[in-house]
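Consider the two complexes below, in which subunit A is the common component and subunit B and subunit C are the respective partners.
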Partner chain A sequence: MLDQAFEALKTYDYGTPISELQGIEDAMVAAHADPAVRQDLEQHLIAALGSDISRDAKDYVCRKLAGIGTPAAVPALSKLLPIEANSHLARHALERIPGPEALAALATAAKELSGKLKIGAIGSLGARGDSSSVATLASLLNDADPAVARSAAMSLGLIGGSEATAVLQSAIQTGTGDKDSLIDALLECAESLVRSKQTVEAKVIYESLSGDQQPRLIRLAATRGLLACGARTAAS
Partner chain B sequence: MLRRPISLLMLVAFCAAAVTVHADASDDLVDQIVKLLGHPDREFRAAALERVRTDAKGATHTLTFAAQLPKLDASARAALITALGDRGDTAARPAVLEQLDGSPDEEVRTAALAALGEIGTPSDLPRLVKALASESAAEQEAAGTALTRLRDPSVVKVLAADMKTAPPQVRGKLIEVLAARRATGELDAIIAAAMDDDASVRTAAMNALGQIGKPDQLATMLPGVLKAARGGERDNAERNVAEVCNRIDNEGQRGDALIAALDTVAVAQRDELMPLVGRVGGKRLIRFVADIAMGDDASRRSFGIDALSKWPDASPADTLLEIANKTTDAAERRQAFQAYVKVCAIRDRRNDQQRLERMKQAMKEARTTEEKIAVINRTRTAYDVEAMRFVRPYLDQPEFCQAACETIVELAHHRQVRDPNKAEFDAVLDQVIKLSTNDELVERANRYKRGETWERKK
Partner chain C sequence: MNQPSTKRTSRATVAAGTDGNRGANRRQFLKTAGATAFGVPLIITSSALGSADRPAASDRIVMAGIGIGNMGRGDQGAFLGRNDVQYVAMCDVREANREESKARIDGRYQNKDCKTYNDFRELLARPDIDAVHVATPDHWHAVLVIEACRHGKDVYCQKPETLTLREGPLMIAAARRYGRIVSGGSQRVLGDYRHLVDPAWAGELGTIRSINVNVGPLPQLCNLPEEEMVEKIDWNMWLGPAPWGPYNSKRCSGSYSINGASWRSFFDYSGGGMTDWGAHHFGGATFICNVRELQPVEVVYNDTADGQWLDYRYPNGLTIHHNKPGSGNLEIVGTPGEQLAPKPVPMYKGSGGIYGDFIHCVKTRETPFRDIERAVNTCVLAHLGNIAYQLKRSLKWDAAAQQFVGDEEANRMVDRGRREPWQL
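Coming up: the complex of A and B.
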């Protein structure tokens, strides 16, 4: 049944009924309970990714690897990162595969690729939310491409934590990168601190952004943040 | 032995310290909020108000917030009163009442009235009832909403008692409140109000009965229909009684219940209720009305035909056609044929093709120009390109041209009919643009050709 489905995958393209791949769908379900099935399925999927199949088929394989992929799938997925047609779904899988291998592949892509593909890789680093990406993202804050600098700031905001906060505060002070994006990211960091009840740290950020020299909307966001800190402290 | 008391003392000290820290944190938040309540920028004030609604719980803090009211301008005061209402702490009630009684600003009084719905008590009922007669529409509405929301089981009884003595304008509003509160225990008082001398009170009562009335009270509602003045008020009363009838799921039982209720009305007045029977519809009632519509008494026949014309679906169409074809009286033919066309065109459960077939049949039966125009007009309810094809030839006949123009434009209004047949519609709309004497129709035709929408004036 599985072999039959992978045979069908060779000619699978837009418009082909998904029922032809039912064998893979069934194996996905079985993989949750049986590590051997999972390993076998992953190997089949990795092999398929390296073969000459359609874009839609590769997208399908990436989606399945996002569900059951392990570090073993990282090399095959990494090869798709520089290809515009496949990069998005490859990142979709790499964002979800656990372990440092997937993170390293995305970090390499964020450094080496350019344009939209680079921005995509930066966004995926933010989506993974791993603080070990902070240094990579910090180095991109003053990238010549403003869109790259902005997305690096946003990803730092998504990662949050004290390290990302320090990088963003320092960049604001030294005038590195896009100021609006840096402040947005800093507010994002502060919100995640409030959520994790680190109100003292969050308050410091909000107070730094509530001064009269800040634009109205930033002051408003900082004021809301300070109130949220107060409410969280009073409730705990 | 000494260790236990020492441990106990340490625990007490720790708890006391924790309470103090918590109280300090809470006070800090309250200070923050208070500072922002007077901020000149409303967005900043809104941030603080959001916290008034949900945080820094307790009567002490509520009183601190309420104490800010006199320091604020009218708009900020109204917003704080609303937030205090949403906070739901009755400790704010005295301050809110003070604003209601002492403020010259409508915005503030309106907010105070609305807040009483959340933090008021039954002792506020006289104030709220009085506000129903306020000159300000906003205050009236806020008082009505507050009376609907006020949480106390005694409220309904007090309002029902007030309803008997209040001035008519207030009586109507109190009935609306009782209906909104689903005060089914006060239905007798509402039924009595349906016989009030004031039309607005009667209308409010019938509306309330439509909302919360029960089928076993149908007989007591019928005098309210008869008391209603013919025209809009009567139509409204009939609709509400029909609404109550429709709470009986079984069609046969529904018909029986209405017939039983009609039996309680004097025979002389029963015919006046025939249009109501029409609104309720159903096979059981068709027979009942058809007997009257086809009977020997000409004046009763008119009531019957009128009732059939109000049927909610096309089921009496054949009966009406039979009456129209058999009668020798021109006025009765006219009434029956118009009713026949009306029910044929009604948008009931039939599909558009079935509806169009009925219209084609009606056209074959039409004898005069007036009857044919009626058919052309009503064909607009068959949302199908075939309806346009059926009407299009009438554009070439001067006596039907304007009616056909109108129907074609109405059909073109429906994008799902127009878009799949754009070329055909564009061509016929070009004809309409050339032939119509109505500027609005021409404008609509042009808009539909361009793929634009048109909003019907209310």
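Coming up: the complex of A and C.
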């Protein structure tokens, strides 16, 4: 059944009945309880990714590796990151594969690619939420492409925590990058600090954004944040 | 496209307005626009001054719509019909929708003022717009709601409000961060189920042990072949954060099919019938049982001779069944003979159903009936169900951490990668 499905994958393209791949779908479910099935399935998927199959088929394989892929799949997925047709779903898989290998592949893409594909990799680093990506993202805040700088700020906001906070505060002070995105990300960091009960650090952020020089929307956000800090402090 | 440079102005002006100084800012904007952009005196029309049944322009909520297909047209009509709303702009990636919508809006106001946009970022950058309604396919909802909040807009978002579990907390956070009113868009939760809500909240059913929801099907992967594009549509923007796929009229049809003839059927754009009608039915069930503020802690996958079905277990002991064999939709198991203390049933505020509720809350800053957090809690049921059916196993859900407990594969399904350049 699985071999039949992988045979069908060789000619799979838009318009092909998806039922022809049912063997792969069944193996995805069975893989949960059987490591051998999972390893065999992953090896089949990796091999397929390196073969001459359609864009649609590669997309399908990436979706499946997103579900069961391991670091073993990272090299094959990484090769697709610079290819516009495949980059998105390769990232989708790499975002989900645990371990430093997948994270490193996305960080390399964020540094070396350009344009939309670079932005995609930056977004994936944000989605992974790993603080080890902060340095990479910090270096992109002053990118010549404003969309790249904005994306890096947004990803730092998603990662949150003290390290991302410090990078964003520094960028705001030096006028580096897209100010609106930096402030939004900094507010997001403050929320992450409140959640982790670091209300002293969060208060510093909110107080820095509550001055008259800030737009009213930001001042109000900062005021709400200060109230949240107070509530959290009172509760604890 | 680049973010227009007026964004910060937008944040400042709109925020000032929604916190008690709206009229002054809008008047200021109109005056500035009239004086500096055109260099002519500002003309105050009788419409702008208002009348006995129509507030002055400075006291109306200035609105725009994004995604004006089937549902968006209905939402637009509801807002357009209100005298306390001034509908000034709309955005759609289909040229025909833009033309039809502009004609309708201009016809309503007997002018040519409605502006149309293909790119929502240009619309959100306008400082004069207070609130937007969103009725795009589901894969756009999170990006649009979050961006609208960042620009200081209040939002009415059609159901199902989320496409993934991860999107919900980020949408709530953006709404709370900027103090925005964000209402979900299921008119049926209160409109269709009152005959069950009333006795439940009156305590007449006793402690509710369980309720059953019948809804489906699951979404399917779209593999439709490319068709000739006969309509004028910005295909790249229609796909937005979803994976690329070739144009096919069924892929992007806004019909109500959940069986392969519209985007509602397909995984990349929708949670299928589970989210489409589930947003209503699960919403009704959680309202009846007064668990709109909660999420379940477990979803139990049952595979029996009668078929597959689910039990959602709540921390307060309630079970919501999904498609339990032999059970009707919203069939309740209460506690016969037990009378609980009655509670007042939450209702829409203002006038005009869920749309009036939203407008009332925009004006007063009260919490709308389907506040985004309640909407997200409803959608969580559908998403958990889709994942459990796909994996064919029971799952434990940590609502505080927004993660599955001890199931790494399930946790990979909490979110999806977004197509570049979109991110949350």
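Quick notes
The rule is short, and it goes like this: the second predicted complex is superposed on the first by the 236 of 236 C-alpha atoms of A that agree within 3 Å, B and C clash if a C-alpha of one lies under 4 Å from a C-alpha of the other, contacts with A are read in each partner's own complex, and residues count from 1 in each chain.
Keep this in mind: contacts are C-beta pairs under 8 Å (C-beta built on N, C-alpha and C of every residue); 3 or more make two chains touch, one makes a residue touch a chain.
Here the structure is a predicted model, which is why all the values come from computation and not from measurement.
Once the two complexes are laid over each other on the shared chain, residue contacts for A:108 go to neither subunit B nor subunit C. Contacts of A:151 after superposition: subunit C is touched, whereas subunit B is not reached.
In the superposed pair of complexes, A:95 makes contact with subunit C only, with no contact to subunit B.
After overlaying the two complexes on the shared chain, residue contacts for A:220 are found with subunit B and with subunit C alike. By the document's definition of touching, of the two partners only subunit B reaches A:233; subunit C does not. Once chain A of one complex is fitted onto chain A of the other, the partner contacts of A:142 are absent, as it touches neither subunit B nor subunit C.
In the superposition on chain A, contact is made by A:116 with subunit C only, not with subunit B.
Contacts of A:39 after superposition: neither subunit B nor subunit C is touched.
Subunit A is touched at more residues by one of its partners, and among subunit B and subunit C that partner is C.
Using the contact criterion defined above for the overlaid structures, shared-chain residue A:54 touches neither subunit B nor subunit C, since it reaches no partner. With the contact threshold set out at the top, residues 216, 220, 224 of subunit A are in contact with subunit B in one structure and with subunit C in the other. Partner subunit A is touched in their complex by these residues of subunit B: 22, 25-26, 28-29, 32-33, 36, 41, 43-44, 47-48, 50-51, 54-56. Chain contact summary for the complex, subunit C toward subunit A: residues 2-3, 7-9, 11-12, 14-16, 19, 150, 152, 173, 176-179, 220-221, 223-226, 243-246, 391-393, 408-409, 412-413, 415-424.
Residues 14-18, 29, 32, 56, 59-60, 63, 66-68, 85, 87-89, 91-93, 95-96, 98, 116-117, 119-120, 122-124, 126-127, 146-147, 150-151, 154-155, 158, 178-180, 184, 187-188, 191, 215-218, 220-221, 224 of subunit A touch subunit C in their complex. Taken together, the subunit A residues at the contact with subunit B in this complex read 216, 220, 223-224, 226-227, 230-231, 233-236.
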